[in-house]
Amino acid sequence: MNIPHLTSLVIFLPALGAVLTLALRRASAIRWTALATTLATFLLSIGLFVGYDPSVSTALAPQLADVWAGWLPDGYDIKYFVGIDGLSLLLVMLTTLLGPIVVLSSWTYIGEKHKGYYALLLLLQTGITGVFTSFDLFLFYIFFELTLIPMYFIIGIWGGTERIYAAVKFVIYTLVGSLLMLVGILYLGYAAGDAVNNGVFTTDWYTLLEYNIPLAVQGWLFAVFAFSFAIKVPLFPLHTWLPDAHVQAPTGGSVILAGVLLKMGTYGLLRFCLPLFPNVAQSSAGLFAVIAIIGIIYGALVARVQDDAKSLVAYSSISHLGFVVLGLFAFTTEAMQGAVIQMVNHGLSTGALFLLVGMLYERRHTRLMDDYGGLATSVPVLTTLMVISVLASAGLPGLNGFVGEFLILLGSFKSPVIDSPVLIAFATTGVILAAMYLLHMVYRTFFGELTNEANAQMADLNGREFGLMVPLIVLMFVLGFFPSPFLRQTAPTTEFLLETVEEKRAAVERMEANDAATAEEPTQVPTAPPEGQEVSIDVPSTSP
Amino acid sequence: MDLSTAFPTLVTDLPAAFSMSVVGLVGLAMIVLDAFRNDHPAIPWLGVAALGVSAAWEATHLGAPQSTVFFETLRTGGFVAFINLIILLTGLATILLSVPYLNQLRYDYGEVYALIMFSTVGMIMLGSANNMVSIFLGLETMSVCLYVLTGFIREDEGAVESALKYFLLGAFSTGFFLYGIALMYGATGTMALPAMAAAELGTLSTRLLFWGGFALFLVGFFFKVSAAPFHMWTPDVYQGAPTPLTGYMSTATKAAAFAALILVLVHAVPGGEWQLSVAAVAVLTMVIGNVMALAQTNVKRLLAYSSIAHAGYVLVGLSAGTSAGYAGALFYLLVYAVMNIGAFGVMSMLEWDGKEGREQTLSSLAGIANDRPVLGSTMGIFMLSLIGFPPLGGFAGKYFVFAPAVDAGLTWLVVIGVLMSALSAYYYLRVVYVFWMQSADDVEATDPVRAAAFPRATVAATGTLVVCAVALVVLGVFFGGVLETTLGFFESTAMATAP
Amino acid sequence: MDVAPNWYLALSAVLFTIGTFGVLFRRNAIVVLMSVELMLNAVNLTLVTFSQSMGDPSGQLLVFFSIAVAAAEAAVGLAIVIAIFRSKVTVDITEINLFKH
Amino acid sequence: MTSADLLRLVLLLPLAGAVLNGVAPLFLKHLRTRETLLGTIGTAVVAIPFVLTVYLFVTFGGDPIVADYFTWMAAGDLDLSFAYRVDQLSLLMTLVVTGVGGVIHLYSIGYMHGDDGYWRFFAYLNLFIFAMLNLVLANNLPVLFLGWEGVGLCSYLLIGFWYTDLRNSAAANKAFIVNRVGDVAFLVAMFLVFRELGSLSFDVLLAEGPNLPEATLNWIVFLLFVGATGKSAQIPLFVWLPDAMAGPTPVSALIHAATMVTSGLYLLARLSALVLGAPVVMMIVAIVGAATALMAATIAVAQDDIKRVLAYSTVSQLGYMFMAAGVGAFFVAIFHVVTHAFFKACLFLGAGSVIHGMEEVEHGLEEQGRDPSDFDPQDMRTMGGLAEYMPATRTTYLLATLAISGIPLTAGFFSKDEILFKAFEYGYDGSTYAMAVWVVGILTAVLTAFYMMRSYVLTFEGEPRWPLSDQLAPHESPSTMTGALWTLGLLSLVGGFIGLPAVVQGGDWNWIHHYLGAKYGGPVAEASVQGHVPLALEWGLILLSSVIALGTVYYAWRVYLTQGLGYDAALKRRLRGVYQTWTDKYYWDEFYNEVVVDSLINGVARKGLAAFDTTVVDGAVNGVADTAQNASGLLRRVQTGLVQNYALALTVGAALLIGLMLYGV
Amino acid sequence: MFFLLATVAVAAALGMLIARNPVSSALWLVLNLFCIAGLYLTLNASFIGVIQILVYAGAIMVLFLFVIMLLNLSALPGLEEIEWSSVGGFAVGLALLSQLLYVVALQFELGMDPVGAEAAAEVGSAASLGEILFTRYALHLQVAGILLLAATVGAVLLAQRRFQ
């Protein structure tokens, strides 16, 4: 299969669909258009999966790349530069997969203003896909921000009673972080331009990678980048926008939000924070590990005492994303691959949970668990799917959640950077807590006597609803038992990233040492390794 | 030099004053026409035609080399063409948006359009000034017309009060401004901008004279662009003035004044001495504009504070003092003009009673987007662009004023800028959610919207808004060309810069 | 010129300040307007002083335009005052505060 | 067909059964009532693997067969496959799992008759078998863990099988969560192993593990043991098992007596080479096992619910097995696992049969218009005299009771005696703690014989004590059920002969030892003992335990037959507070509910963190927003609307600007 | 001569500032403007001096007086009782004054060479101004015309009564 501009096509096809829906009038036509667009995008993205060859090194360029350098005038080395590598591939696939699922889940849920909803949904997908495929920081930032607007409207117009508060909080919270990051991008662009790009402002990822940032600058640049992504993840204690946004958003919005939007934060950490600022990233790994672990436990415990099922799932996201962040900052291949796969896993299982809770909401217009009870009798299929999703989310071996959590914890445990097995053992207790709150939800919602007449009359899943759940459930099993094809896709890039981190860290340390040594008579220290230098396969020692 | 030797030069240079002449002459023609055929409906279209033709003319001159005309009193070339284009197009949009609005108020006087034309003439002169006399005259011509345009709805106490405030403070600031020119003139002995830069500022007293004068000169400009703490007239005047004209005031005035300021900074005071002052004003402007806007309930007042804040962003670009900063500022002015004219345009279409303009609280517009989706959508785009969301023009604009500032070592300034941008999201989004997400049931209705009293949306007016919105999207994605153009203005030796 | 230009400049500064005081303190809109005129005049004096002492006519040319502008402003300003008076029956600028905050 | 292919069948058939039984009827409602079909499929997918395992067992050559099917996860140093290992230990366990499992499936066909969730039941049971086979056949820790958690899941599903009663679901949740506590320790142990060895495969682990530093080894073994306490219901994580009796009785028999709960022992036996390298932990294991055995036995004495007695009995017997593991006699532990599977499954199934009968009585009461809500079909106080109505159940129950009590020549006798002997031997060799363990073992044996006989007599002997016992009578269960009972009953009788004690032919006829023991080429290592217990002493010990068993059984038989429930009252009088403590199960549940769970959920989570979340974390964010608003409100006052104030501001600004500008000149 | 005119100018300006009645204020201002015109003449700027009297004193101030009469304004309090803002305003005004004086006057070393009286008279003549006005600033003159026209139109627009 050789489709030209495939990556760009996958990014912009939904946007095209959005424009198309705007021209339509009938609700059903709009829905079908949206579905067709997202399905087509998904099919195209399979081309990405097939076309991506993990054996080809990503050290120089992403695969299936599209570059347009003439976007900006010469004074700025900002390019339209998209492509696929091991980090982005799975997340793009997840995004395109969730596309049709979300459209289907909104089929009857969205009762008014169809046109706007589906247009925004499609636009959102463009933004998210763009985020995952951008290899230019500026472009990344544009897509990163582009996702805010549709989400704002989706929450604000089609959300619950507190929708406006939630929507505004979501936007402003994220905006504070991302705008600070913008300052960082600007600074980095100029600094890198001076150092390695003939004085031309640059945001090209590969060019930036060549730049070894002095420690003093690395500190605050890392801080602003990490702050922005930490809000997006969200890391404790920057998470309060999340429960509000999740609870208030319509089902489709929650699914997108939990499924892929949060991953933009962890993806950003992985793509930018770690390789660009390796020294600070490594020296603050302990801090991030602690924060992540607090998040894991905190999110789980707070989730346990929620009365609102959606809110429970929302807090569970905080807990789960804590694992991902922990994995990223472990700086071991196992943990990092675990983190990547866990991003996908979380998208599948939490997405499924939101879908199912949404289906309940659509039937009874309440999310309070106390209003349910005994549903297993009236809606056995829904219950079965819910239990499977819950178990996946709780990390039961054989389902997807386990693979990610296991790799993350396994890798973190041996991490030379965090180097605190006790801490990781503490993180592992998140597994107990996950069982506690998730089973509690199942217990309160599905088990017991059917006392409420409305619950007893509840209809089980119809064909559409079941159909949209099937891919998720199947993937949970596939990723649970056969994750290796997926892990294989991410492995080379992960290794490249870790090598880069290690090399750059050492280079900066040498640089700083030289600076200190030659403080009296400053000389020109080569900041970038010479062109074409062989990449040394010197992975950080894995044994303690 | 006597007239006979000067005349050929004047004639040769006349094409450079094409827009000024066309607009001014058509303005005169309108006055004459109005005298015979009172308030003829063709009058605005006459203006539209003149502005359109001029805009087309300027558009073809975007690539023209930088040069001076009229004995070096005015500049010509791409920079001027760019600014004139902004001014002319803004004027065009203003007239198109004013027609239904003024019709609804039955204030569709021919003189109003003529005054818009005259004010445009002043702006063009201001934006192409190469001489302090040109600056002064351009500024005053623009201002005097605007004083009148603010208050011509005489039955509206608010409008007249606005006019009075605008006028008094404007005249007051003119005093400072003129004093500043005088002192700079005294220090350098010339009115021509490049000559000022060339002048020797030998002694301390000359330097004091010059920089003191420059500070006073800046007061005048800061007043016009409503930078804090010279901004205080802005909310009151914007609130009281007829809405489409508020849009005109907030965009074209700023474009012209900033253009002149850039010319002064580039040609008359190329050096970093003023950087700190401008940065300080930028900080104050951004903070005051955004913080004050938070608690506003009146949309126009809110937009007024917003326009203050945006002046601050432009000043960030200027304080960088590099060609990239100026280019960014120019780009920002373009984007800002598009989005603000649009925002005020939308408000003008949703004003149910111009005389009670001060009653137009945000909450009374709850859910209006459901009834007027086009207005709602365009307003949404304008607001999001004002916040600075990609891929809308506002983002690119902010990016290219902030980036040079970072390059110039003003990172702290940019940090304040972005934090204020984040803050601004709060009130802009409020407009959006009131329009889109609330319904009339969500607010205690104090004064129900009398939809029947809305100005009748003409195709031209709605079209203008849609064009603005689309332009913002285009500018947000394909800003490269525009930016390249603006950067080009400062690359040629004629406008070389350099701290 | 029987004294150094600095005296003219100092006088101009004093007059300008008096004009400023007039704007800041007088409540009658017309007097405020007159104070502005005084300020403009003070500046004109400076300009003429510089112009004459340096032998450069462009300063006086600006004064010429400045006087024209002052005339225009006076006309517009007084018209506004009349309009205000019509609706409020006062020219006390402390009573003209429909818009605030 | 190679062994690997056979193994694949063994593993996949139960899974296929689970999918078939679970998914098809979920969507096709009419299939849900096709009991014969569902039951047949369910039983067949266990029975066929049993036959295949027998084949493997018979043809097994002695060298472990490792079947590496496909890669599970590979990242960095980790290269993990779905790899299975057939050796003596896994074969034996597979035989027990499929064999006992098959019998219990058969039993369930009758037992579950008429239940709405018939299909689900068989799906879960099949899934359980699949998970359990993963557990015992795994060749690396994660696959074992897959089974480990899988059986936990099935246990959860089956305990909460009758979900309409929330108490059952609560018990299920409890089981799952308590198990997870242990699982966390298991996970950490795996991480530690990986960190130290870079591999999780048993091959590497068993080869290189014993060479690890002792501290590391201690931690690994200790963590694994903590994991085992969860799954095998030892102090302090045993609390879920008694509650787990909320599930259908076959479940209690299969999962909570015969197979799943023994997986902790299996794990220790599998890694016996490592465990032996951590003597400190072995001591902990033995002590915990002994304490559990004694504690659970005392509790069992004071319970009236027949299944609860059996549940505590299970906990107690598991403690016994850990005692064996703790003194390094892993093969004996496995021996007891096997015999225990026979007689405890039999007991549970018997109890199930009884309950089946008593439910008949309950229905009868309902038909008579009596309120059945205070009638508990599991309460021994309302039973009695069932021997007359349910002869087959009675006989098999009695056989199993005798076996568990350690009556000579029954299955329990051999395995229990071997445990006691090994403890004694180990103590004789110089480990004081082993001696203490032995004493506890003797005590527990006394108690075991006593309470088991009590449960038998109260249930089957004497006069019927249920209401209207003259009109209502239970009937014997159907043949599928009694067939299963007979099978297991006979096995309880003869199953012990696979491990004849050392006194017989110097241990040469101890087949299980020869089969599993490392010194005979098997996979299970054992502690080497220096001092040899004299033959006479050995005989003496055997005699002692025989006497104890016979004596206690006789005593209990006599007192309960004559005094019935009166003896319970007498005990209660005599022991007072102690008895009450037994009845109340040493207040473990109260401790967990109030101290651990309640303080965690209500205290920490609800009152602490959730409140913190809304007030502090969220409050800070809203506070910032409010501050901005307030600042706006304050600043707004500057905008007075008065021109002169504006002019003043302008003037101030001008003055400042001049100052700032001149400052730089 | 300068000092006489300067003293009177300052006194007149203060008179304008203090007078309660707007009419007297206006008259004080007229006096001030005359003084300034006189000062122009002392500077040899004859053309501007004349213009000053004609346009300012003659036309503009008459307009003022006319409006004051037209509106029949009652006397408003002149410098009303001192308020905080007034004190602040006073301080700021003084600060501004001191800065201006510092800039323009106190540094008595302006590096300019005052041209001679004849040259100055030459520069200040109508001829010299007229020459640059009609050549160099011809366009500006047109714009000034537009400005005045706009002011006229605007004044009418603002002040006329609406005729229905």
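Read from first to last, the chains carry the letters A, B, C, D and E; within each, the first residue is number 1.
One rule holds in what follows: a contact is a pair of C-beta atoms (placed from the backbone, for glycine too) under 8 Å apart; a residue touches a chain by one contact, two chains touch by 3 or more.
All values derive from a computational prediction rather than experimental measurement.
In terms of Cα centroid distance from the overall Cα mean, chain A ranks first. Top-ranked chain pair, ordered by C-beta pairs in contact, is C-E. Among the other chains, E has the CA centre that is most remote from the centre of subunit D. Subunit B and subunit E have CA centres that are 30 Å apart. With each centre defined as the average position of its C-alpha atoms, the distance from subunit C to subunit D rounds to 97 Å.
In terms of their C-alpha centroids, the spacing between subunit B and subunit D amounts to 78 Å.
Subunit A and subunit B have CA centres that are 42 Å apart. Looking at subunit B, one finds that residues 133, 137, 140, 144, 147-148, 151, 154-155, 163-165, 168, 172, 179, 183, 186, 189, 204, 208, 212, 235-236, 295, 426 touch two or more other chains. Listed for subunit C are residues 9, 16, 19-20, 23-25, 27, 32-33, 46, 49-51, 54, 56, 58, 61, 65, 69, 72-73, 76, 79-81, 83, 93, 96-101, each touching two or more other chains. Of all residues in subunit D, those that touch two or more other chains are 625, 636, 639, 641, 643-645, 647-648, 651-652, 654, 658, 662. Pairwise chain contacts in this structure: A-B, A-D, B-C, B-D, B-E, C-D, C-E, D-E. Of all residues in subunit B, those touching subunit A in their complex are 324, 380, 384, 387, 389-391, 395, 399, 402-403, 406-407, 411, 414-415, 418-419, 421-422, 425-426, 429-430, 432-433, 436-438, 478-480, 483-484, 487. Only residues 1-3, 6, 9-10, 13-14, 16-17, 22, 25-26, 29, 32-33, 36, 39-40, 42-45, 47-48, 51-52, 55-56, 59-60, 63-64, 67-68, 70-71, 73, 76-80, 86, 89-90, 92-94, 96-97, 100-101, 104-105, 108, 110, 112, 114-115, 117, 119-120, 122-124, 128-129, 132-133, 137, 140, 144, 147-148, 150-152, 154-159 of subunit E touch subunit C when the two sit together in their complex. Subunit A makes touch with subunit D in their complex at residues 169, 172-173, 236-237, 239-241, 298, 301-302, 304-306, 332-334, 337-338, 374, 376-377, 380-381, 384, 391, 396-398, 402-403, 406-407, 409-411, 413-414, 421, 424-425, 428-429, 431-432, 435-436, 439-440, 443, 446-450, 481-484, 487-488, 491, 494, 542-544. Interface residues of subunit B, counted against subunit C in their complex, comprise 132-133, 136-137, 140, 144, 147-148, 151, 154-155, 157-158, 160-165, 167-168, 171-172, 174-175, 178-179, 181-183, 185-186, 189-191, 235-236, 239-240, 295, 301, 358.
By the touch criterion stated above, subunit B contacts subunit E in their complex at residues 1-3, 5-6, 10, 17, 20, 24, 27-28, 31, 70-71, 73-74, 109, 111-112, 114-115, 118-119, 121-122, 125, 133-134, 137-138, 140-141, 144-145, 147-148, 151-152, 154-155, 163, 179, 183, 186, 189, 202-206, 208-209, 212-213.
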